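Okay, got some structures for you below.
Two complexes are shown next, each including subunit A; its partner changes from subunit B in the first to subunit C in the second.
Here is the complex of A and B:
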């Protein structure tokens, strides 16, 4: 199957790209195309014009900035993030996530920005980025706005990004505690995934704060507030019992779709299994004390 | 030897394939060729009210649009039942059925214009599952059944008039009721098996060139002579005017056997009298054919010592909207649910039914995985019920070498106990299992329909090079490399001297087709005969010209030894013919009368397999891991070890797909995962880290050097072996495939 005919443009600046998409009709940004081109070939997405952003300088940088934030250019491929030394050192969970997204062909050309903008509920990166409290930088005709990763995906295959807004950067504070991510998949995409990020006090004995996100169950990653509350200020050695005490309540609050990935009760159960496995890992790698 | 020489020695086609030079149908271009795009039915079962092609026709570059009205007069085609129109005429019977073909200058134009074809449907009552199709008042998917006796297989279908049952096969031995009345224990189980996609890497692609009274077709067909025959009958062309050319084929697994989209593409070419190419996408091929799903009830009666007294099985197979070879699948499923056991009293009944879903088709060991899934899971249930070890229960009941499993089938030609022992030893020889690891066993003996009809031509050239021409298709299994070796061994020449031609029915002699594990044996024998015929001719030439006794002559590499000297082929032809040119053409034929009728009895050999799976279950998620698997087959003699092991491994890995991943799912007839994204097959990471292939060779097969056929057996034991491991160690019995994590988890929940 082939896509309907379209024009192709490769601007070299963000301004030109935004202008190109917005001009008329329904142009779309394009980088890896691993989702977009498939959808166009299946003719579920129609577009007049593809604006290739691979000619724009600087959209594939990864660095630790002066504010101790990690910046990832939206056009970074999964493979690049997986092998990046900064990510490997500071967020090994993200490195390993990116090393296992989809398949090697997707990882070689698919980008993290494209993954987020597609809004696919059964995806790996959105869950972990939400747990990392990432902020997404969107540049549009009327300027720049920064939105929390939690708010970016509105519902299934729908984000808050305007068609002529370009996602340029993903920024999140350099973690100061263990970050863990697990998924369960039996097929192409994850059935459920759980990401957890702790910030730990200097003595490595107490959790100052925790962000826990469960993905793929509803239309977008969901926080496990009850678990986050239970973990806040908790000595690491008390984590297991604290989570066990609230786990059922926490899981019951999740919105869970029945779909081809399984029944709601099964996937809810899996979320609990993955969370507990993340906890064990967090205790062993980060909690230390 | 360099790595590439090494690869060429194993399979001459490998270098071409890994370097991308191998040409498949989709790589070909015929001068003047147009492109077709198929408009498919979104309806499950509906009357076609109208088809409006005017908007599509008005698009620049669109040449024509083919619809049912154009071809209604040609009537229907089929290979067992004549039930299939070239393209939907007044009615569609499944989602995906071709309704129109837009023919255009480019594939892009054709596909874009296809969106403008407007078809109005009027929905009809439907039957989308076996159960719906066999209900008393079920809507009839076909009103009448026209049987073609002996057309493709020996025999035909046995349809039940005024029903959706298009074939029923029965076989009965002894008195099951009396045996059950005397039995110490009777156990009955029911199993189901889903539709499964062939998922060949190369989707169906065909070019047809209809010119006046002749038709040339380029197709990735496994059975080119069947394609030729159906096209000849359908379009009333002499067989000699229908030419089928098969370049490289990117996997078939039965999905390219019999006849698939060739009549449709030929019709498009007939309409515009220009070559037409239709290259389907993966999704379209998933909507073209699939393995038949099954619903199986099986019952065994045993005596107090655990000997099987009687077995009965009722199998219902979901044949989809058109029968194709579904009747043979049902018959084979019944035959494949028996052995390799001694069953003195037997009652088999297998029916294939029409449903409003994608048509069923042959698929690696037709009916085998469905039957063996049921019978081998059932064997462990019976063993457990009577308190016997499942391996002992099997050993006690195995038919021995030379014993008949059923009076009308050839006696078992191998030792099943040995085969089972070999897989068991494979594990025992390695490190001890941890206590969380479980293992399960299954065996199979199937009767390939390997139709002993084949011809081959072997030409020995003056320079010692050899050309082999057969209708066997190189479909990735290594058939052509095997034919080359057989010709080389027979003529005492190096394998590198032999070239096997890609199949072209204008050149290649008649053969039944590539499937049913028959090529090495049946086509191999005809190649051997043809090589012997060529040898005879060249030896005769030397005996005659040099005036030497024939007994003193023998073939050696590069020529013929007279005992005192070696004459090169060059010298022989030159002196015999007077010029420095020439060849001898050897012809070999195999018929049911060959070898004094020894090939006539069915099956030609028993295709046998044993599988032992070691599994570890993540009880929190239900996920099954298979760290070790051992697969054994009695293949008589190995001709090409790398290729033979590859066939065994490939079949087993396909079995892992059936066991753990695959099901082509329908919701009320609507396919819901017929895309490569939603349909999950095993990846290399799903292959057991320890995988043993054991090929038993006793040189006792009917093929060249005592070879038997292979390549379909290893798929069979995988699912029941895994299920039996789940049963023995985790206490759960899964009765429908695939064994997904969720299914396993739910069974574990129910248990505790």
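Here is the complex of A and C:
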């Protein structure tokens, strides 16, 4: 048994869900419960009412839209994203990431939206979604707002989402260059992870732009600006030397929390190793050099 | 507003209909209310796999699933995959290969392997390891469990070859 009973609503529309969560007392949206129920068991979260969003049509859709953006409904499970043909074709790194979140049971029911909304620093999806320049669609009483993934997680277990706002959709441009993701983990959650997305020119010889994010190191995914600047406009064959030249500076600028996953120097070192492995993969799959 | 909800679901092929408090976890419903003690509680945080049951054929942690959430769905527990006159082929393989010692993790492993073989009848070594990495065993060191599953994968492959 969980510590105390609660009301359990099963709305069938987004409007009803938002109305239901804001009624009285502390209502919360609920889907897989893989994070929320754990927190309720540990008595760190209490709720008077769970609003089950699994009956709302359309929140588990994945598609490539007419604007060449990939849309992922917030209540898609990790297992669904891992096996989705659109994701496999256009963002295999995300497919692989989702195929390795936690374990098979968590992937069966846990959702990507729930993962983001929990704001756990040691999580896989936020880092890659930030590198993909994803936008998150939040619907609340006062309308819809779209926020960059970079701004969504504010700090440890804290996001900018208001309690009565529902995360409905994750949208990002269909990549036109290599997207890579590497994690290191001892157990279920990543100790450190690094995601990288390049946009490449038509000849596949030059990097037009790069987004690099390091996660699980601090309280939220962080950009490696120094590396991004070094990669912009760079011929792919010069990538290795360019990154090696700035790597120490780039890593020194990261905020690092020492925790049970390791000390600051160790975690910073891991970030560097993972970045270089990302680079090797990006060169081999997309760069052509 | 009530804190009790009516649910009906299939449990090992039998239709169950009852009212449950909203904060009841599936494992407590299965073990305490319905008396099926094969499903084990261990870590209570979705890490160890001892409480694995199948929800519409997919493995889930019954320790972290609300009972109200199985309404209109199908649950399979270790009791549901055990034939009345003996053991299933997955269970037999675990016995034959020494894939269990104390036995506490075994029901969870059997459920996970059952789901794996249904989805992927001939898993590769890598697929077996990937699928089962979230089930913990403190006795066997996993080698014997892996051999048991591998025997099933190749057994099925050779059956199909004939």
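Here is the rule we use: the second predicted complex is superposed on the first by the 286 of 289 C-alpha atoms of A that agree within 3 Å, B and C clash if a C-alpha of one lies under 4 Å from a C-alpha of the other, contacts with A are read in each partner's own complex, and residues count from 1 in each chain.
Simple rule for what comes next: a residue touches a chain if its C-beta (ideal position, glycine included) is under 8 Å from a C-beta of that chain, and two chains touch if they have at least 3 such contacts.
The structure presented is a predicted model; accordingly, all values stated were derived computationally and were not measured.
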(request) Give one word, clash or fit, describing how subunit B and subunit C relate on subunit A after superposing. (result) clash
(message) Tell me the contact category for A:5 with respect to subunit B and subunit C: first, second, both or neither.
(response) both
(request) Have a look at where A:33 lands relative to subunit B and subunit C in the superposition and call it first, second, both or neither. (result) second
(request) Quick one: classify A:106 as touching subunit B (first), subunit C (second), both or neither. (result) second
(message) Contacts for A:43 in the overlay, against subunit B (first) and subunit C (second): which applies, first, second, both or neither?
(response) first
(request) Identify the partner contact of A:63: answer first if only subunit B is touched, second if only subunit C is, both if each is, neither if none is. (result) neither
(request) In the overlay, answer first, second, both or neither for which of subunit B and subunit C A:187 touches. (result) both
(request) Report for A:146: first if it touches subunit B alone, second if subunit C alone, otherwise both or neither. (result) neither
(request) Decide which partner touches more residues of subunit A, taking subunit B and subunit C as the two options. (result) C
(message) Tell me the contact category for A:205 with respect to subunit B and subunit C: first, second, both or neither.
(response) neither
(message) To test your reading of the overlay: subunit C has the stretches 9-17, 63-71 or 99-107, and exactly one clashes with subunit B. Name it.
(response) 99-107
(message) So subunit A touches subunit B in one structure and subunit C in the other; where do those two contact lists coincide?
(response) 1-2, 4-5, 38, 187-188
(request) Would you pull the subunit A residues touching subunit C in the complex into a rising list? (result) 1-8, 33-34, 37-38, 41, 49-50, 52, 79, 99-100, 102-106, 108-109, 187-188
(request) Please name which positions on subunit B make contact with subunit A in the complex. (result) 107-108, 111-112, 115, 281, 283, 620-621, 623, 661, 672-673, 675, 677-678, 680, 740-742, 745-746
(request) Would you mind writing out the residues of subunit A in touch with subunit B in their complex? (result) 1-2, 4-5, 38, 42-43, 184, 186-189, 260, 262-263, 266, 269-270, 273
(message) Per the contact definition, I'd like the list of subunit C residues that touch subunit A in the complex.
(response) 1-3, 5, 21-25, 28, 44-47, 49, 52, 55, 58-61, 64-66, 68-69, 112, 115, 130-131, 133-135
